[in-house]
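Same chain, two partners: chain A is paired with chain B first, then with chain C.
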Partner chain A sequence: MDNFDDVTPLPIETELEDELCRIMYTDEYRETLGLARALLQAGEYSERALKLTAKVISLAPAFYTIWNYRYDIVMHLATQRGEVAEAIDRELDWVDEVTLNNPKNYQIWSYKQALLQKHPFPSFKRELPILQMMIEDDTKNYHVWSFRKWCVLFFQDFSHELSYSDLLIKRDIYNNSAWTHRMFVFKHSEPDSTQIKLEIDYVKDKIELVPQNVSVWSYLRGLYENFWDSKYDESIIKFAASFTSNVQDFDHKDSNLPEIESSHALEFLANIYAYQENKKQNAIRAYLALSSKYDPIRKVYWQRQISLIK
Partner chain B sequence: MGTSATRIQYLRRNLLGRKREVVTRVISTEDEGDQNEIISIMKEVETDTSIARDEVIEKCQALYEEAQTIPELHRDAHKKFLDASFTNDLPPQMAALDASQPWLLYWTANSLRVLNEKYLTKEYQFRICEKLFAISPTGGPFGGGVGQLPHLASTYAAINALALCENGEDYWDMVDEKAIYDWLISLKQENGGFKTCLGVGEVDTRGVYCALSVASMLGIMTDELTEGVVDFLVDCQSSEGGFGGCPHEDEAHGGYTFCAVASLHILDAIDRINIPNLAKWCSQRQLDPERGLSGRSNKLVDGCYSFWVGGTAAVMELYGLDHLINKSSLRDYILYCCQNGSRPGLRDKPGTHPDLYHTNYILLGLALCENSFNLSDNGKAVQCKPLPVTAPSHLSSINPIYGLPTKNVQKFISHFV
Partner chain C sequence: MISQLDNRKHVKFLKRHLELLPSSHQEHDPNKMAIIFYSIMGLAALKIDVCKEYKANLHWLHKHYRTIRSPDSQETISGFTGSFSMLISSVNCLSLPNTLFAILTCRTLKDEEFFHEIIDPKGVASFVGRCQDPEVGSFTSTLDYKRLIPSPVDTGDLRFCYIAVAILQLIGFTNEGELKEFIDVEKLIQYILAQQCADGGFGSYGEPHAGYTSCALSALSLLGKLDRLSDCFKERTISWLVSRQVSNQGCMRFQEGNDCFDSEDHGGFQGRENKFADTCYVFWCLNSLRLLTPDGCELPIQPDLAEDFLINRTQNNVIGGFSKNDQDDPDLYHTCLGIAALAMLDGSFDGVLFIPKGITV
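Let's look at the complex of A and B:
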C-alpha cells in the first residue's frame, strides 16, 4: 500500500455512545474508509488516491460516495496528462473486473455510462463481450439488460440485438428479459409491416414449441397493440384458438371443461373477443373458464373483465 | 395445469438433466384416475426457469399440505427479530450495508410500528433521530452514513424513519427543507428524471419516487420540481403493462412499477397511463400454486413483491380498481411460506433466510391483504379499512403510497405542510 503517513484518517462512525444499528467494522475497513474520506475532503486527485478507492470498492462495492470520488480522480488525471482516451480505456478495463465480481451492484452501470459519455471515441464492440459474460452468468440480470439497451441507443447500433435475444431464447424460452429486449428493438427502429409479420411468425413458432408461456403471449399482444393498432386478423385468432380446445365457443359445466394447452392463449383470445360485438359471449365463456379452472387464483380479475363486457 | 402438473414435475425431476437443449415432450394423462375420458396433450420444456420454479412449487406445496391450523402471524417472534436489530451491533460482514444505514433504521422501525405502534419505544425514537442527525448535522439531505454524499435513497429512508418517530424533542424542526429542496432541484435531469446523487448516479423510476415521496411529505412540491416528471414516468411503462427503470422500454419490474405508480398518484396523473395493461400485468404476477407474487414475468415469487406489486394494486384501489390481486391467497403465501415455523423474521421464500428488508415489505404486504383502501376527504386522504379475515394479524393501518402507518404519515405531513 502507498504511504499515507501524512494523512489523518477521518472518522466513519458517529460519536454516539449507543448508536443504533452500529456496524462492527474491521480495523482494515475503518482505516481504509477513514483515509479515503480524508483524501476526498482534502480534494486530492492523485495516483495513490486512485489506488485507495480501488481498495475501498473491493471492501464495499456499494459505497457510492467513493465511486463518485474515483470518477473525479480518473477524469482529473486524464485531463492533466492529456490522454483522456487511454485513461478511460484503462478505467473501463478495471471496471470490467469489478463487474464480474459484483454482478448485482447498482453503481457500476451509471459509472460506465459516465465514462463512455466522456470517451472521445467510445466503442460498442468493447462493451459486448463483458455484457455477454454477465448475461451468460445470470440470464435475467436487470441492470445488465438495461445497460445494454442504453448502449444500443448511445451507439445507435441495433445490429446485434435480435440475434442475441434469439440465442438467449433458444437457451431458455421462458426468459422474459430476452423477449422484452425484442420489443425494445422494434419500438426504437420503425419496422415496416414485413418485419412485423416475420416477427409474428417467429413468435408463433415459439408458441408451438411451448404454448404455456406468459412472456411470449404478452409479447405477441404487445406487437399487435404497438404496431397494428390492436387489429387482430382471423389467422392469429385461429392460431390462439388451437391451444384452447375451443372452450370459448361452447357452454360447459365447470366439471366438463377439458384440459387445454395454454391459459395465456385463452386470455389472449378473451381480450380480443371482448371488443368484438358478435363475440362477447365467447369472451365471457373464456373468462368464466379461466376463473373456474385454468387460472382460478386470478378469479377477481376475471370477474371484473366479465363485468366490463356487460 | 390441472391433473397433469404433478406428473410433469415428476418427469422433469426424474428423467431430465439440467441445461438441456430445448426438448418437446408430449405427455398423456390418459391413465390418470377418473379423468380417463380426457386425452390431454401438454408441451413443456425443461429450462433454468422451469427448474427453479419447480423447486419453489415443491417447497410451497409441502408447506400448504402439512398446514393444519388457521395460519397466524408469529408476532412475538418477529418483534424479537426486530428488537435484536436495534439492541445488537451488526457483524462486520454487514459493512455491505454501510452506505445504506438510514434504510436499516427505516426497515426496523417501520416493521415494529406496523406490528404494533407501541413497539417503537420512545428510547428507540430518540436514538433513531440522534443517529440521523449525526449522519447529517445540518438537517438533510442525507447520505448513507457519516461523511457520505447525500443520496436520494438515503434521504427517502431518513425522512420515512423520522416520520416514524414522534416530534418529542422537536427533532422534526431540525430538518432543513430549504436545503433538501435546492438539492432535489440540482438533481433534476432534462428527461424529467432525478439523478440519485450529484456527479455520477443513476436516473430511474426509483429515484423519482424517492424525490417525490420526500418532497410531498415535507410540503416542498412545486411546479419547478415536478416539471417533466409525468412524461418521464409515462415513458417508463412497458408494453407488458408494468413499468421499468428507464424510459427506453425496459422490462416491467415490480419494484419500479410501484415507484412509478405511487409517484403518479402523488402527481395526480394516474389517468396518463394505460390502466388496463397495468391491471393485467399486476394480476399476472400472482402464481398458482405458490399463491405469492413475482416481480417479473417468468420469475419466481418473492415475499417482498407482496408490497411492491401488492402496493401497486393498493394504489389502484384508490381509483376503484380492487381486482388486481387475490388478497386471501397472497396472505396464505405470507403466513405459510414467508415464516419459518415460529422462528423470528420473515423471508423471501421457503429455503431462504429472513432479513430486515423482507421483514418490512412482507409485513406491509400482509397489512395490504387484510385491508381495503379508498380515498376520502375529497380525494385528499388515503383511508385503510379492515377486511373480514379469520384470525386477523391486527397490524397498524398503513398508507401504501409511503409504505408507512397512516397515523405517522398524517402527523408528519400536517407538521410540515
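Let's look at the complex of A and C:
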C-alpha cells in the first residue's frame, strides 16, 4: 500500500442513534473509504489515488462517484504524460480484469464506453475477446449484448456479427438475445432480395428443428415486416400450416382437436388471417383452438383477439 | 402446499434489513437508500404502520438531502445521496435513483417536515433537469462530481427516464408547462419512443425487456402521453406482455430442450422470451398491462396463477421474503417486488409511482 501519512482521512459518520441499516464495516473498508473520500475532496490526481480507487471499487463497486473520480485521474495522468492511447489501453485492461472478477457489475459497461470514446484510435478487435468471454459466461446477459451492439454502431463494424449470432444460435436455439442481435445486424446490412430469401430459409431451418420456439417465429415475422411489407406469400402460409395440422381450416369440436407441433405457428397464421377479409373465419378458428387446447393460459387474450375481429 | 402470504415472517425479514447489518452488506453501502426504500415500502404494502415505527429515523434520513451550488453559476441543485459514505462536502454525490427512493420513503412515512419545510422543489427539479442529455433526451443517474453536467461515465436509459419523471411528479411538477421549465419533454418522449421494439415492448437496440417496458409506459403515463404510442404498437405490446406468462399447458409443454424453461414456473412471468419466470417480472408485466388496459376491464392474463406462482413458488416460508425463483435465497428487492405485485393485484398499490394507494402528505 502506498504512503498516505500526509492525508487526513475523512471517516464515514456512523453509529448514530437514529441510523437505519447500520453496516458493521470492516477495518479495511473504514480505512480505504476514509482515505479515498479525503483524496476525492482534495481533488488529488495521482498514481496512488488511482490505485486507491481500484481498491474502493473492489470493496464497493456501486460507489458511483469513485468511477467518475477514477476516470478523471486516468485522463489527467494521460494528458500530463502525453500518452493518452497507452493510458486508456492500460485502463481498458484493468476494467477487463474487474469485469472477469465481477461479471454482474453493471458500472463497467458505461465506463468502457467513456474510455473508448476518448481513445485516439479505439479498436473493436480489442473488445471482441472479452465480449465473447462474457457472453459465454452468461449467454443472455442484457448489459453485455447492449454493449456489443453499442460497439458495433460505434465502430461501424458489422462484419463479425451474423456469424457470431449464428454460433450462439447453434449453441442454444432459444437464445432470444442472439436472435434479436441477428435482426439488429441484418437490418443494418441493407440486404438484397437474394440475401433476404436466404435469411428466410435460415430461420425456416431453425423452425423445423424446434417448432415450439417463440424467438424463431418472431424473427420470421420480423423479416416479412421489415423487408417485404408484411406480404405473406402462399409458401410461407403453407410452411406455417405444416405445424398446425391445418386446424385453422376446418371446424372442430374441442375434443377432436389433434395434437399440433407449434402454438406459435398457429398464432402466426391467425395474426395474418385476422387482416384478410375472406380468412377471418380461419383466424377465429385458430384463436378458439389456441384458447381451448394449444395455449389455454392466454384464453382471455385469445377471446379478446376474436372480439377485435368481429 | 402453503396457500397464503406469510405476513409475520415477511415483516421480520424486512425489518431485519433496517437494523444492524453484517459487513457482507458493505458492497451495498453506496445505495443504502435503496435498502431503506425496499424495506419500508414492503412493510407499508403489508399494511404495517411504518409512520409510527420509523418516524424517529426521519431526522437521520434528512441528512442525506443536500444542496449544491454550481461553482461557475448561481444555480443550486438539491437531491439525495445514497448513503453517508457519499456525503463529502464540496463533492457532488447526488443520485437520481436514491433521490426517488428517499422522496418515496418520506412520503410513505408522511413526513410533513420534509415536504413543507426542507425540500426546495425547484432545486430538486433543477437536479433532475441537469441529468438529462440535451442531445438524446435520456437521463443519467448522476452528475459529474465537479460540474453540473451528466456524469461522463454513466449512460442514459429508460430506468432513469422513469425515475426523473416520477420525482418531478412527486414534488408537484405535473403539468407540461411546469415540466418544460426543467426538462425537455419532447426530447424525452422522442427518446422513449425510440426504445420501442418491433415485437412490442421497450428495450435497447430492439430486444424488449419487461423492466424497461414498465419504465417506459409508466413515464409516458405520468407525462399524460400514452397516446403518443400508436394503437398498433399498443396491441403488439399487450400481446408481448401477455406472452410472458409462463405456461406448461398445450404446446407450451414442448420445450424439453429449452434450458430456461421449467414447467413448475406455470403462471409466473418472465422478463424476456425464453427465460425463467421471476418474481419481479410479475410486477413489471402486470403494471405494464394495467397501463394498457382500460380502467375497469380485466387484464388479459390469469392473475390467480401469477399469485399462485408467487405464494407457492418464490415465497420463502422458513425465513420469510421472496426470491427471484425457487432456487435462490430470498433477497430484499424480490421481497419488495413480490409483495408489491400481490398488493397491486388486490388493488391497494399504485404500480406507476410504486407506493401504496391512499397515502397523502
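Simple rule for what comes next: the second predicted complex is superposed on the first by the 306 of 310 C-alpha atoms of A that agree within 3 Å, B and C clash if a C-alpha of one lies under 4 Å from a C-alpha of the other, contacts with A are read in each partner's own complex, and residues count from 1 in each chain.
To be clear about the criterion, a residue touches a chain if its C-beta (ideal position, glycine included) is under 8 Å from a C-beta of that chain, and two chains touch if they have at least 3 such contacts.
What you see is a predicted model; the values in this text were computed from it and never measured.
After superposition onto chain A, partners chain B and chain C are found to clash with each other. By the touch criterion defined above, A:L10 lies against chain B and chain C together after alignment on the C-alpha atoms of chain A. Looking at the shared chain after the overlay, A:M1 reaches neither chain B nor chain C. Contacts of A:E261 after superposition: both chain B and chain C are touched.
In the superposed model, A:K170 lies in contact with chain B only, and not with chain C.
In the superposed model, A:W145 lies in contact with both chain B and chain C.
With both structures placed on the common chain, the touch criterion links A:Y106 to chain B but leaves chain C unconnected. Annotation: chain A residues 10, 12-14, 16, 18-26, 29, 33, 37, 41, 59-65, 67-68, 71, 107, 109-111, 114, 140, 142, 145-146, 149-150, 172-177, 180-181, 183-184, 210-215, 218, 222, 225-226, 260-261, 263, 293-298, 300-301, 304 touch chain B in one complex and chain C in the other. Residues 10, 12-14, 16, 18-26, 29, 33, 37, 40-41, 43, 59-65, 67-69, 71, 107, 109-111, 113-114, 140, 142, 145-146, 149-150, 172-177, 180-181, 183-184, 210-215, 218, 222, 225-226, 260-264, 290, 293-298, 300-301, 304 of chain A are the ones touching chain C in the complex. Against chain A, the residues of chain C that register as touching in their complex are 17-23, 25-32, 35-36, 39, 54, 56-57, 59-61, 82, 84-93, 95, 141-142, 144-146, 151-155, 197-199, 203-207, 209, 238-239, 242-243, 245, 247, 249-252, 254-255, 257-261, 266-267, 272-275, 298-302, 305. Across the complex, chain A is touched by residues 1-4, 22, 24, 29, 38, 40-45, 47-50, 85-86, 89-92, 94-101, 104-105, 108, 124, 127-128, 130-131, 134-135, 143-149, 151, 196-203, 238-240, 244-246, 248-253, 279-280, 283-284, 286-288, 291, 296-299, 321-326, 329 of chain B. Contact residues of chain A toward chain B in the complex are 10-16, 18-26, 29, 33, 37, 41, 59-65, 67-68, 71-72, 106-107, 109-111, 114, 139-140, 142, 145-146, 149-150, 153, 170-177, 179-181, 183-184, 187-188, 209-215, 218-219, 222, 225-226, 258-261, 263, 293-301, 303-304.
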